[in-house]
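Both complexes shown next keep chain A, but they swap its partner, so chain B is in the first and chain C is in the second.
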Partner chain A sequence: MANSNLPRRIIKETQRLLSEPAPGISASPSEENMRYFNVMILGPSQSPYEGGVFKLELFLPEEYPMASPKLGRICLDILKDKWSPALQIRTVLLSIQALLSAPNPDDPLSENVAKHWKANEAEAVETAKEWTRLYASGV
Partner chain B sequence: MSATDLNLITSFLFVNNSITIFYFGKEGENCKFSPLYPEAHMPVRIPFQEGLGQKFCQPSGTGIDLGFFELDDLSKPSQTEDVFPLVIYVEAGLPTPSSDEPPISQPTSSQSTQAVLVKNNNGFFQAKVIRQILWVEGIRYELRDIYGISNSDETGFNDEEPEKDCVICMSEPKDTAVLPCRHMCMCSECAKELRLQTNKCPICRQPIEELIEIKDVITYKVDLHISMQSLLLHSLSLMDSNSVFTSSNYDRAFTTQNDYGNLRELE
Partner chain C sequence: MVTIVIYHFAVPRNFRLLEELERGEKGIGDGTVSYGMEDADDIFMRSWTGTIIGPPNSVHEGRIYQLKLFCDKDYPENPPTVRFHTRVNMACVNQDTGMVEPSQFPMLSNWQRECTMEDILTQLKKEMASPQNRKLVQPPEGNEDQRVDQKGQ
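Right after this comes the complex of A and B.
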């Protein structure tokens, strides 16, 4: 597959992700396509997501690192206009982890949840905990 | 208050052959200076012996009465930045008459320090250095800071030295700095590629105006005249380890290291 001419940067980043993983984050490349990563992020302790395991799929497009990694529906400025090729897979995943610690209700994908969060933070935290328990625990 | 209270006598640590102080010095061709107000002050060229760590004191009577000038004019360069209230011009490479060797015809090397004069809280004038220019073998270099040039003294800790590599491909050594923010962060190939995609510096996201390519840092052969070397050493007191003298089109640059022994040319 396209693995044969994988840029050295991607190889280096992958090696480092595997040999020195960031705490609470695991990212492993798929065997068929080394540009495709299975990511797991532990819900940060003392956050509503504590105890949860968040699974993500990360894909490095052909233009990476000039273009950002593709990560599904995550609201993160560095994945859009704030992307810089000096950022890496690791920095992106750390940012997502940080986002789980302190969600940003002003930049939401889900309008409803964001409104809910702003209106009643305590209740939203409970909802997040509930959803974490229901959908993100026990791998 | 008598006029002499305002007389400014310049003193600083000095190095070499001849030194000229210009008040309101105007930069002309080949980094030569001329006084903008010759009637107020005629610059005097003062010869000096070679050697480091000497203290230069302008002979009394050769100063200028700053009372003639507005504080505003003293505290900033002219709008076109070719006139500075204070220019300290150090010249080197003059043939030594006592030398046995035949005089070599060589272009004069010089270093000029361009400063403004600001009044401090005690009412004294202080020189604040704004710009430094080197004139070496017919090329004009201006002192600039470059961020991210790896200092070879600091290496040896880490075999990987990831900071030495281009932040984009992570495999080539970085050799290209971004202007005006002066982040040295890319290899030249990636820099070209980046310019096709974006106009923003990868490190700080400021708009890129220009890219300077600084090829392999090679140890500079110190076979320039000793006087030239001491000239550069003098400038070390005003520059830090991340400063580089670059020519106007950035195709040549000098850097220096703090141990005073290693001049390096970036070419």
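Right after this comes the complex of A and C.
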């Protein structure tokens, strides 16, 4: 089988992600590459992202779990210096979901959005709602 | 017969480009080649700019060459398109468009998935110092604007 030398830990984690998904999170491995996951996170209720469906790609590098999963450009400490092999794919995705509930403008990817958030939070939240409706409505 | 090799654990496109982005941001070697994303808002990370500082002991010495690299959705299974934005007289470069002609540049025509944008720029720098290119008469400097921008081609 193509993925026969996939580490047992990854197989276990994958099985559990599929059989007991965390609320509002789905993660399924690609058929051709079991280290490559399509992820969907629902915007948390009571957040500006409520009603949105956020699609992500996740990749488990050769060094996983000694190195963190790769997830694009997301500023999250456990994806960088705070990674520990005791953490899992599930923990990482729950942290991203939590980040949607409590964005951290002190560690931004986009300086402009962070500036807006700090200068006028109410207006920034409106923009986030608008963009969720426009770009993440899941249609 | 066509043989298709599938790398089951190959790094998927976007993660590969993120690795290249990270490496480009840190800075490479002696700094004579460099690259970065042209449009930070493009989530598909397609358009890149590269810079080559002309190698010593050639007509290119001290010249700064700017290039555009375009990594389409099929990168890195297929090579990017590479175009000189700065005019240059080189055997593998189309004089009118600035395109690096894959037929004259084996790294593109015999593309290997493991090759990176850094490899392309480094190889082009080597080409500049090769016997067939190092003495070619070059157009005057400072003429970037004479060429029509052909983004993405």
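We adopt the following convention: the second predicted complex is superposed on the first by the 136 of 139 C-alpha atoms of A that agree within 3 Å, B and C clash if a C-alpha of one lies under 4 Å from a C-alpha of the other, contacts with A are read in each partner's own complex, and residues count from 1 in each chain.
As a working rule, contacts are C-beta pairs under 8 Å (C-beta built on N, C-alpha and C of every residue); 3 or more make two chains touch, one makes a residue touch a chain.
No experiment lies behind these values; they were computed from the predicted model shown.
Chemist: Fit or clash for chain B plus chain C once both are placed on chain A?
Modeler: Fit: chain B and chain C sit side by side once superposed on chain A.
Chemist: Which partner chains sit in contact with A:E57 here, chain B, chain C, both or neither? Use first/second/both/neither.
Modeler: After superposition on chain A, A:E57 lies in contact with chain C alone.
Chemist: I'd like to know which partner A:P7 touches here: chain B for first, chain C for second, both or neither.
Modeler: first
Chemist: In the overlay, answer first, second, both or neither for which of chain B and chain C A:T127 touches.
Modeler: neither
Chemist: With both complexes overlaid on chain A, does A:N33 touch chain B (first), chain C (second), both or neither?
Modeler: second
Chemist: In the overlay of the two complexes, what angle sits at the CA centre of chain A between those of chain B and chain C, given in steps of 10 degrees?
Modeler: Computed from the C-alpha centres, it is 120 degrees.
Chemist: So, A:K82: does it touch chain B (first), chain C (second), both, or neither?
Modeler: First partner only, chain B.
Chemist: Between chain B and chain C, whom does A:S101 touch in the aligned arrangement: first, second, both, or neither?
Modeler: Touch partners of A:S101: none, neither chain B nor chain C.
Chemist: Name the contact category of A:G72: first (chain B only), second (chain C only), both, or neither.
Modeler: A:G72 contacts chain C only, not chain B.
Chemist: Once both complexes sit on top of each other, what is the least C-alpha distance from chain B to chain C, rounded to whole angstrom?
Modeler: 19
Chemist: Which chain A residues come up in both lists, the one for chain B and the one for chain C?
Modeler: Shared contact residues on chain A (touching chain B in one complex, chain C in the other): none at all.
Chemist: Which stretch or stretches of chain B touch chain A in the complex?
Modeler: 167-171, 185, 190, 193-194, 197-198, 200, 202-203, 205
Chemist: Please give the residue numbers of chain C that touch chain A in the complex, ascending.
Modeler: Checking each residue of chain C against chain A gives 6, 8-12, 14-15, 18.
Chemist: Hey, which residues of chain A end up touching chain C in the complex?
Modeler: So the residues of chain A in touch with chain C come to 2-3, 32-36, 57, 59, 61-62, 70, 72-73.
Chemist: Spell out the residues on chain A that touch chain B in their complex, using ranges where they run on.
Modeler: Going through chain A, the ones touching chain B are 7-9, 12-13, 63, 65-66, 82, 84-86.
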